[in-house]
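We call the chains A, B, C, D, E, F, G, H, I, J, K and L, going by the order they appear; numbering starts again at 1 in every chain.
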Amino acid sequence: MTVVRSTLPDEARRVSCEALQDTLVDLLGLSLIGKQAHWNVVGPRFRSIHLQLDEVVSAARAQADTVAERAAALGVPPDGRPETIAGAFSLPAPEEGWLRDSEAVRVLTEALGAAISRLRERIDATEKADLVTQDLLISITAELEKQRWMFEAENFPGES
Amino acid sequence: MTVVRSTLPDEARRVSCEALQDTLVDLLGLSLIGKQAHWNVVGPRFRSIHLQLDEVVSAARAQADTVAERAAALGVPPDGRPETIAGAFSLPAPEEGWLRDSEAVRVLTEALGAAISRLRERIDATEKADLVTQDLLISITAELEKQRWMFEAENFPGES
Amino acid sequence: MTVVRSTLPDEARRVSCEALQDTLVDLLGLSLIGKQAHWNVVGPRFRSIHLQLDEVVSAARAQADTVAERAAALGVPPDGRPETIAGAFSLPAPEEGWLRDSEAVRVLTEALGAAISRLRERIDATEKADLVTQDLLISITAELEKQRWMFEAENFPGES
Amino acid sequence: MTVVRSTLPDEARRVSCEALQDTLVDLLGLSLIGKQAHWNVVGPRFRSIHLQLDEVVSAARAQADTVAERAAALGVPPDGRPETIAGAFSLPAPEEGWLRDSEAVRVLTEALGAAISRLRERIDATEKADLVTQDLLISITAELEKQRWMFEAENFPGES
Amino acid sequence: MTVVRSTLPDEARRVSCEALQDTLVDLLGLSLIGKQAHWNVVGPRFRSIHLQLDEVVSAARAQADTVAERAAALGVPPDGRPETIAGAFSLPAPEEGWLRDSEAVRVLTEALGAAISRLRERIDATEKADLVTQDLLISITAELEKQRWMFEAENFPGES
Amino acid sequence: MTVVRSTLPDEARRVSCEALQDTLVDLLGLSLIGKQAHWNVVGPRFRSIHLQLDEVVSAARAQADTVAERAAALGVPPDGRPETIAGAFSLPAPEEGWLRDSEAVRVLTEALGAAISRLRERIDATEKADLVTQDLLISITAELEKQRWMFEAENFPGES
Amino acid sequence: MTVVRSTLPDEARRVSCEALQDTLVDLLGLSLIGKQAHWNVVGPRFRSIHLQLDEVVSAARAQADTVAERAAALGVPPDGRPETIAGAFSLPAPEEGWLRDSEAVRVLTEALGAAISRLRERIDATEKADLVTQDLLISITAELEKQRWMFEAENFPGES
Amino acid sequence: MTVVRSTLPDEARRVSCEALQDTLVDLLGLSLIGKQAHWNVVGPRFRSIHLQLDEVVSAARAQADTVAERAAALGVPPDGRPETIAGAFSLPAPEEGWLRDSEAVRVLTEALGAAISRLRERIDATEKADLVTQDLLISITAELEKQRWMFEAENFPGES
Amino acid sequence: MTVVRSTLPDEARRVSCEALQDTLVDLLGLSLIGKQAHWNVVGPRFRSIHLQLDEVVSAARAQADTVAERAAALGVPPDGRPETIAGAFSLPAPEEGWLRDSEAVRVLTEALGAAISRLRERIDATEKADLVTQDLLISITAELEKQRWMFEAENFPGES
Amino acid sequence: MTVVRSTLPDEARRVSCEALQDTLVDLLGLSLIGKQAHWNVVGPRFRSIHLQLDEVVSAARAQADTVAERAAALGVPPDGRPETIAGAFSLPAPEEGWLRDSEAVRVLTEALGAAISRLRERIDATEKADLVTQDLLISITAELEKQRWMFEAENFPGES
Amino acid sequence: MTVVRSTLPDEARRVSCEALQDTLVDLLGLSLIGKQAHWNVVGPRFRSIHLQLDEVVSAARAQADTVAERAAALGVPPDGRPETIAGAFSLPAPEEGWLRDSEAVRVLTEALGAAISRLRERIDATEKADLVTQDLLISITAELEKQRWMFEAENFPGES
Amino acid sequence: MTVVRSTLPDEARRVSCEALQDTLVDLLGLSLIGKQAHWNVVGPRFRSIHLQLDEVVSAARAQADTVAERAAALGVPPDGRPETIAGAFSLPAPEEGWLRDSEAVRVLTEALGAAISRLRERIDATEKADLVTQDLLISITAELEKQRWMFEAENFPGES
């Protein structure tokens, strides 16, 4: 029995929801490693990075919610359980333990960069399938590219 | 080199931070399965349960943050990475896919009940080690017991 | 005499404003039948549905305002007078009188579904004519698809 | 079967709810023509009138909600569907298309004046039937008379 | 010695303050049984009813305050002590212990209905004595009739 | 030329607006003497009385605004110019110079009491003329009677 | 049938919930006599005491809610019905009628003092049974001791 | 007996408080004529002028409060009673009755201009006496000059 | 050395950032001339136009910020220095000195119209290069077209 | 090495910063003795004085912050360490232990009076040195004179 | 024809408005180069400097608005057009392109320092002409000196 | 004569209030040296440390208030006068003059560490005497340990 009927044809729904499920995993993973870095960062830039990381976490959590609810709205149940995230998450992430501030900046720049590459592929993939889903992915990309720039700007070496 | 010196003796720190790390995993896992149920619940009580689940998620996220920062404050880096949660999380959780409202209520009641049992053991374990950590665990238990009651009250069968 | 000059060529303006005028009627009608159901719903789910319907009304009213002002901005006066809505509104709607909660859920699911189908046609129709108008229709569709999912999830039969 | 029992005797309920239903139509109609004028007004006083009209719409929407819920509270289902409004609405209203600012002021002054006359008759009619309903109609009249005065003051000719 | 002089003649004061004192008992009692039901309700509608009951309690508390201060303003000290309420309160009320959701809805509908009947008698009784007091009783009745309708609408049987 | 047409017949308008104009003078005068006392009060209860007087002023200013705008809405221009107030104001008022706290309490109790007597006469006078105006005067009386009670309660002699 | 299962063993639950039920009666009674004094206080300190009493009422109401919901969370239905409070309430309380300000201060100091003594016994009694309940009673005691101090400080005789 | 001792020498106090008392009369008078115009203005600019006048009233009321409390702080009781204002107020003011919008703008421009001239004289007069009082008069002048400019800009003739 | 690496290929970055830089100049220039008109406008519509111009300035400033940060996020430093704006700004702008209200409306209508034409070209130019940048330009166009309509509606001649 | 360069010549800086440092000590000391009195006051005016004292503390803390940051801005490091305050503070202050309300009022009146005298000397001293610093001292004096008046008004003997 | 008449004599107006116009250019230029640095800053202190620069921009924008409106209030139209700023702005400013954090701090310290020097000259120049204008320049100087100190404190070399 | 009677036996009161008085001195001292560092810090981390120090000050001030009011509530007058703090304060503190950012971080880490050690002893000392006081000390410790961790994390050396 169909629980939630889709407003899209089958193939369009399949393509869109695959893109949404993959994005969901990236965003939930990003929110978890963002918090991990938020708690473990040490170094002279502790306070700045500690606060900036929490903005990434807030953004990623809100986006994950929108993405998951859009999958549901298209008739496909989203999957954000711990084992699903752990199994599918593939972005660069911090090691266990204390994390030097410069390393936190470096890891986040890379994680955000990788997430953006994957989102840009999904923007292409959903163009035909569903412009509404594509528009959502575009707005997530805009936000993550802004976050990435701020970490990369922070990453620029100081005056020696 | 010690990154953050502890304000506790070694053994007290070990006992406290083990309790905190285990609680962190339970709370992060709870926040993930709470969102999973929030997105996938279906049935005539959809709206009520959908909203109630988000309150559990908000509570669990805020508590996880406090717990992790307390571990850091005691000199032990907390671990909330995806693989750590997936590996250590052991509370009852929903299956993949759409989730009938009565099932969501049942799973959350059980997950909260199991989390509370484990917290009560840690309250005993930390009594000698650190009253500050114990006090934090007491307040988390109070909140989760309130949440559990509300799901169990919701679980009571309707008039047939 | 031209009152408000258009920033679009004639044909593009015609296509865009026709799509906007039709959407305006759908949204104003939706806001009226949403309120009608909000006032007349009865049954054990009264409070949940009563509140959820008011969220549909709020969304539809805000969207109608944006749609009408966009038509004006493109140089075509929008028409939202009572007789225009009554004459052109064609979405499924509740009967007169008290409305059982399950029936309210069913009618809204259908009304939202029909509104979405019509919006998706207009998204196609405006692609060539005006990307700004298309973008507005995309964001309205995203919101209405979210609302429709929540009613359909609510519509799933309870445990017997 | 009686869905919502009345707290009034039959005749008092009939009189009160007829007054409420007629007022509901006037207020919903007023909110629609207020928005129509809000979108279509042009002329050197555009901004002032555009904003003032939105205050009429907000007031009329809030009053319509109170009126409809009072009818329901008295055991009679209110009717605010598009065809009901279109069929019963009889206040002066703007024509289709752009609306000169002085004309918008004139139409609203007349529409509010007509609504007030009809409300004053209903205040008399409900005196015996239900003082609670009468009190509600009195407070709506006070608000509409204030709105009417402001349009009429605006209507006074400028210095030539 | 007169503590607070009345602005009313003696008989008018006596009639008005008797009506106010009786209303005070009803409202304080209503606020107590509303909380009792808020805490003890169980069943599949737990969350909806739990929240709705708190709105009744808030309304009754605010109204009781206004009523008591009006009695004082008329020169008669109001009495809201525990033994006074227990001795004079006569509205239907829940039994001790857990309360099934449908039973909570039924009891509140009846308690509100009884309170409204008594208020309507007092509206008549104070017409001659003090229009200011009457106006206050009218506005309390309006609010309680709205609350009663919502419980009665909730009381309507679901689809079997 | 009629500037603002009245929604009332001539005689009803005359009676209502006379009552409103007289009330306007009382309220503006009350706001001025309330401020006068607020600035000049001295004695061990300075702070309490200083703050309470400002609440009277706020209430009187807001009521004056409503009263004046109602007169305008009925087609009669209100008059609140300094010389009009000085010429017509007849409530008890403080002398020039510092004002002992007990004297401030006494004067305000009397001024409020006199204002209330005059309002109660106008409530009777407007019953036939305009229920909307009467309702406004009733609500002003309720507020002023509350304020008067609080000053009179404050006026009760302390334990010697 | 067990409605809400307890997270405590039977004896611990019995001890905790007895302490909670007794505290609930004290707090609800305190909120009622606090309001009684708030309405009936007279004397030169009227405004100060009138406002301070409302803070006691707010605190007692919020605490009563927490206490009752904790009993429910432990599986025992709380009882806050009018007859239960009247039957079990035993703190000092004001007489009927106007209440001199110094007397209001004296009664509240005593009522709060008695409530605190009883709470301190329950803090001891729940130490073994449930640290979570004990922690709640500790925080209520802290708040009531602060309130008591302020009334006692107010009770100190003035300069003669 | 000195009620409030001054922090200034006698002559400086006399000069400062004379400047403050005169300013108080101007500001209270300005607030009364501002409201008078706010209520009685008519014409095509009704809404703009009606709102702008209320900003003058708010500013004048707040400034009057500061001015009066400064006089008190310097040991001289301020006088803002109706007869004092009526006797001493000498700024240009509107006639009784409806007030054409252009006339309202003209009168306010003149009244503000006159108030500013008088303030500038007092700024000179208080330079020696009390820099704190002078600074207050300077900030009032800045605000009134801003208000005057806006009325004068509004006063510029439109395109004919 | 690359300071901020781009997430786009070289050519796409060049096209996108050229569009963004040109838009930045238009928006910063618009915010400056909007303020210029806000300060210098005179005439009977002063207040309406003065306020409306500030809304244009707020919108343009917020959009400029978003546009500049997007250029930075794509790896190209934005340029908003005074000499850059002065050198490149080419929209219609007000002359030096006082500005009649009708002239202010006319200039803004033209400036917004010119800005919109240029934005629509950039929407086409970025379609291939970067859908994220294009989406940002679309939302800016929507806002500016709404602003332009309101000035043009205001520009319509009044009744003569 | 100069850490923060001054924007003032050497002598002007020396005079200004001496005035600022002395003011800093007065204000920090005032905030400490204000809190001391806030905690220890007893007597029938407890609540009024307790609250009024906290307003003095808030004002003094905010002013101290501004004063210290102004010294830093002028290139001289401010000194607010405990030993500095204790060594240099010379305003009248309360004794150890409970403080009768009338005594608290008396002490604060004197402390504020002394602080004002010293500030008025510094206003003279900084006139030549730095008008910006003088302006800051003027605004602090205005606020403290207002506070002093309120305590002195409170100090006036009650009716015997 | 004089558009806005001045409240100052001709020479005083000329001197004051020249000071205001020059300040306007400095502040608008400062807001532009502040944003330029906000967008282009890179380095390990990115986040701190990025945020601090936005506070300078907010302050400069608000001050520019006050300064321009004061010129208008004195009867001289302010000039803040792009070409005027570019032509007259002479404070130190950042180069085109990415800006190292230490360089951003250095440039802002210098720009603020130069702006302050020029303001201090204008404070002298306006002393005779207009104390109201002088007071405004004093308060702007206070704020900019605070901002300058914070950049200079930030500029102090770290531990090597 | 006993001013405020204690709710504790004599010995328990003595132990508790000694702990509270000592904590009061530590917290007031901490708030003073926190502000001292807030004003005097210099170096590349100025803004981060400047803001973080203000959070310590806010926390310490709020805690000091709670601690002092608890001593009063237990019947012992707290002592927070300048000379008491200066005489008894013994935590590490900054020297006079500008304070390098790394030094500020180091001093605060040590001051917080010392305060925590002393609090932990008092937690032990009050266990028998008063669980309510102990609970307050526990919550203060939790907050200070969190603050200490953040400074220590900030203290970790950067990448060389």
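Couple of notes before you dig in:
Here is the rule we go by: a contact is a pair of C-beta atoms (placed from the backbone, for glycine too) under 8 Å apart; a residue touches a chain by one contact, two chains touch by 3 or more.
Note that the structure is predicted; figures quoted are calculated from it, not measured.
Shared contact partners of chain F and chain I, listed by label: D, H. Centre-to-centre spacing of chain B and chain F amounts to 59 Å, using the average Cα coordinate of each chain. Look at where the CA atoms of chain I average out and do the same for chain K: the two points lie 23 Å apart.
Rounded to whole angstrom, the centroid-to-centroid distance between chain B and chain D, based on C-alpha atoms, equals 52 Å. Averaged C-alpha coordinates give centres for chain D and chain G that are 49 Å from one another.
Contact of a single residue of chain C with at least two other chains is seen at positions 3-4, 42, 44-45, 48, 69, 72, 98, 102, 135, 153, 156, 158.
Chain pairs recorded as touching, per the definition above, are A-B, A-C, A-I, A-K, A-L, B-C, B-E, B-G, B-L, C-D, C-E, C-I, D-E, D-F, D-H, D-I, E-F, E-G, F-G, F-H, F-J, G-J, G-L, H-I, H-J, H-K, I-K, J-K, J-L, K-L. The part of chain E that touches chain C in the complex is made up of residues 44-45, 48-49, 51-52, 102, 150, 153-154, 156-159. Against chain E, in their complex, chain D makes its touches with residues 3-5, 7, 69-70, 72-74, 131-132, 135-136.
On chain I, the positions that touch chain C within their shared complex are 113, 116-117, 120, 123, 134-135, 138-139, 141-142, 145-146, 148-149, 152-153, 156.
In the complex of the two chains, the chain F residues touching chain H come out as 3-4, 28-29, 32-33, 35-36, 39-40, 42, 64-65, 68-69, 71-72, 77-87, 89, 93-94, 96-98. Residues of chain D that touch chain I in their complex: 41-48, 50, 98, 100-102, 158.
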